[in-house]
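Structures for review follow.
Shared between the two complexes below is chain A, which pairs with chain B and chain C, respectively.
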Partner chain A sequence: MNVAVMGAGAVGSSVLELAAEYGHTVTAMADSSSAVVDPGGLDATTVLDRKNAEGVVGSADPEDALEAEYDVLVEATPTTLGDAEPGFGHLRTALERDRHVVLANKGPVAERYGDVRELEAESEGEVRFEATVGGAIPVLSTIESFGPDQITTVRGVLNGTANFILTRMQNEGLSYEHVLAEAQDLGVAEADPSFDVEGTDAALKFVIVANVLRDGAELTLDDATVEGIHELPASALDLAEEDGQTIRLIGEVTEDGVRVGPRLIPENSALAVSGTQNIVQFETTYAGSLYNSGRGAGGPETATAVFADIGHLE
Partner chain B sequence: MSDSAEDVRAYTVRLELVDRPGELLRALEPIAEQGGNLLSIFHERGNLTPRGDIPVEVDLEATPGQFDSIVDALREAGINVIQAGAEQYSDELTIVLVGHLVDTDLSDTLTQIQDATGASVRDFSLSAPEGEEEESSARLRLATQKGRADDVIETIREIADQKALRVVEPLPGGEAV
Partner chain C sequence: MNVAVMGAGAVGSSVLELAAEYGHTVTAMADSSSAVVDPGGLDATTVLDRKNAEGVVGSADPEDALEAEYDVLVEATPTTLGDAEPGFGHLRTALERDRHVVLANKGPVAERYGDVRELEAESEGEVRFEATVGGAIPVLSTIESFGPDQITTVRGVLNGTANFILTRMQNEGLSYEHVLAEAQDLGVAEADPSFDVEGTDAALKFVIVANVLRDGAELTLDDATVEGIHELPASALDLAEEDGQTIRLIGEVTEDGVRVGPRLIPENSALAVSGTQNIVQFETTYAGSLYNSGRGAGGPETATAVFADIGHLE
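Our next item is the complex of A and B:
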């Protein structure tokens, strides 16, 4: 398939690099200020070298990438809240041109799910967004294959940064501030970690799960109850450990809605994954609990989910 | 477990007594009279309910038939029976509270939790490694009535909110492996 990539961050770059391996051609790519278009296919090394050296992917306008020839638009610009722009506008343009859209950007499906579905209904194109939840871990496709009605509850750990901080605080008895600084040095946490440690990132993912699970719910971040792990004292983890438990930032989609917060779970619980690992538990009507776990973030990991979605469109 | 009417079981009765001499004795008489075996009395003197009554918790053994007669007799005697039943404390719940626990009167927090939820604090651990002025954590193991855990947590949240404390709750269903 011919693919246009909006966004040249870790995910967009990985999609460009790996497309050929999956048998696809990237015909256009854009970052926030520039674009490069080649109907014959872009050379990944050339584009990414230019991005590194000059901060632009090419000399064209981002609009040119949207108007280029492609079958699938991969939307991998940063997640924004509220109107979810510019990602939502990119999605709209592609659907109005009857093209497919594969999202890595959570904004459109977490904040404007109803609008996305409405545009999709009027288009020949389809919208898929496995990459928005848990990187390479098949979460939405698991719901899709079992059927939303067969899954009663989804819960788990969908933020690697928060899980890394809590794991290390517990294992090493270190303070929140110390581990956060360490995570920032390692690139596990961003300079401004608030999106991760305040639970927003995990909440957006569970809102997306809820939207897929509960047809017509059309939830947004505002509908979720969110509490983070910001400045949790090490003493809380010590007390949990004394009792054979640990504290993890857990998200849940239940009958009561979407909730994210620090929770006590047994140390040997399947949900008590270590480091940056993610895990999702599906409670099913007839098959008990199922667990999918793995790497929930990162360029190649998220690109893997993008290609899984593109595979479904072929 | 056998459910025979002849089986002697442990029960907990929570009473609220009017603060006047002889009330406690008056409340205990029906237990012996109906054939119950008194195990323990937890008399929270100095700790009044909003109506000025004294909360008392009584553990006893009796057959289900005897127990029903005891509760009836207590009520007939005009004694305020708040909760009664073998299942009163059949569920356990552990939470961690985080914040300025000492500055916000920890003892008052625990009393409020017990009074407002009807749960009983079975185990308590405080960790304040940075000193009592700094944020500390406390782990509470609560015995609650069967199926009441959600209500209890909800009430604890309200109490904690007033004191700007964070509540780390357990995850029901998360324990399954």
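Our next item is the complex of A and C:
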């Protein structure tokens, strides 16, 4: 398929680099201030070298990428809250042109799910967004396979940064501040870590899961009960450990809604994944609990989910 | 959809019991010596009560179920090796009538994969078989989502009976014979446990995975290297434990083919699942390792996979 990529961060760059491997052609790419368009297909190395050297992918206007020839628009600009712009506008333009949209950007489906479904209903294009939840871990496609009606609860660890910090705090007996600084040095945490450590990122993912699970719920971040790990004392982890337990930033979608917060869980629980691993537990009506786990973030990992979605559109 | 069910064991019965819940109608069901057909839909309780009381589901000939009106034939007769009959013949009849086939029976896709694909190519019907590998755990649909080309190795524990025996042997320090007898009492192992403990059942599942993963491979059980757990001394588990390791019956599909046998793995490895749990690890080219786990067997669990497959046909 012909693919246009909005966003030239880790995910957008990986989509550009790997597209040929999956049999697709990237005909346009945009970052926040520029775009490059070539109906014959972009050369990944040329575009990414220019991005590295000059800070822009090309000399065209970002809007030109939206108007280019493509079958699928991959929306990989940073997640924004509230009106979810500019991601939502990109999605709207593509759907109005009857093109498919694959989202890596959580904003549109976490904050404006109803609007997205409405635009999709009026379009020949389809919207898919496996990449917004847990990187390459098949979360939404698993719900789709079983049928949302057959899943009573979805629970798990969907923020690798918070999980890395909690794991290190417990294993090494270090303070939150110490481990956070270490995580920032390693590139596991961002300079401003609030999105991850305050639970916002995990909450957005569970809101998306809830929107898929409960037809018509149309939840947003405001509907979720969210508590982060940034005020967790190291002593809480010590106390947990004495009792054979540990603390993880657990999110869940139940009949009562969406909740994210630090929870005590047994050390040998399947949910007690280490480091940046993510895990999702699906409680089903007739098949007990199923667990999917793996790396929940990263450019190539998330691009893998994007290509899985594109595969479903073919 | 209208569904005909061949086989009235645990899986077939669960498909009959749960069909309405998933919005489907069972129009025919057969066991090895009888059948019951009703285009308006069978009543699950009536059929299963008769099966329990009289040993037959109805008074018609099993062939009548094959000739009934249905959109999907669910083949849930016991797995047989070699010619995979009678399951293969049932599949052939349905495909020749341009009906879909959903397999819970491993035989046709483990022993005659090429023949199945050939018949499918000539039919309007499609063949799906998620239920043949790991109960409700999404194994084949995960491979389908990522694309077989992106998965380098599939590895894991796909026999709950063997895993239960190994877990108990290690945790309680008991002999193989002792735990096997206990498992038979609990219904976890069959009276003749050879299919499970000799590795055949796991090998069939990994052969199916290999057939899906490597287009044109058309492997059979004969192509797999298989070793069971029935000759494993308790002392081997003791030695493993002293070294922080454990032993599991691990199967894998690699470039070198299909191999099943007892393997030493670290006690804290994701693959070291307990009891009757199953787990599958997918090594991917760009997204690291992903793990799916859950109950790999059981009537309702396997029926859940059957309905997921039927959902994909709609």
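One rule holds in what follows: the second predicted complex is superposed on the first by the 313 of 314 C-alpha atoms of A that agree within 3 Å, B and C clash if a C-alpha of one lies under 4 Å from a C-alpha of the other, contacts with A are read in each partner's own complex, and residues count from 1 in each chain.
As a working rule, a residue touches a chain if its C-beta (ideal position, glycine included) is under 8 Å from a C-beta of that chain, and two chains touch if they have at least 3 such contacts.
Note that the coordinates shown come from a computational prediction; the quantities given were computed from them, not determined experimentally.
**Q** Under the stated touch criterion, which partner chain does A:Val37 make contact with: chain B (first), chain C (second), both, or neither?
**A** Neither: A:Val37 stays clear of chain B and chain C.
**Q** After lining up the shared chain so the two structures overlap, which partner does A:Ile165 touch, if you call chain B first and chain C second: first, second, both or neither?
**A** Neither partner.
**Q** Taking the superposition as given, does A:Ile247 touch the first partner, chain B, the second, chain C, both, or neither?
**A** After superposition on chain A, A:Ile247 lies in contact with chain B alone.
**Q** What is the contact status of A:Ser289 with respect to chain B (first) and chain C (second): first, second, both, or neither?
**A** both
**Q** After superposition on the shared chain, which partner residues are touched by A:Pro266: those of chain B (first), chain C (second), both, or neither?
**A** Only chain B is touched by A:Pro266; chain C is not.
**Q** For A:His312, decide between first (touching chain B), second (touching chain C), both and neither.
**A** second
**Q** In the overlay, answer first, second, both or neither for which of chain B and chain C A:Ala236 touches.
**A** first
**Q** Could you look at A:Val226 and tell me whether it touches chain B, chain C, both or neither (first, second, both, neither)?
**A** neither
**Q** On chain A, which stretch or stretches are contacted by chain B in one complex as well as by chain C in the other?
**A** Common to the two interfaces on chain A: residues 270, 288-289.
**Q** Sort out for me which residues of chain B touch chain A in the complex.
**A** Per the touch definition, chain B meets chain A at residues 94-96, 98, 125, 127-130, 135-139, 141, 166, 168-171, 173-177.
**Q** Could you list, by residue number, the parts of chain A that touch chain B in their complex?
**A** The contact residues of chain A facing chain B are 153, 155, 227, 231-236, 238-240, 242-243, 245, 247, 250, 252, 261-266, 268-271, 281, 283, 288-289.
**Q** In their shared complex, at which residues does chain C touch chain A?
**A** Per the stated touch rule, the residues are 14, 18, 22, 130, 135-138, 141-142, 145-147, 150, 270, 284, 286-295, 298, 300-301, 303-305, 307-308, 311-312.
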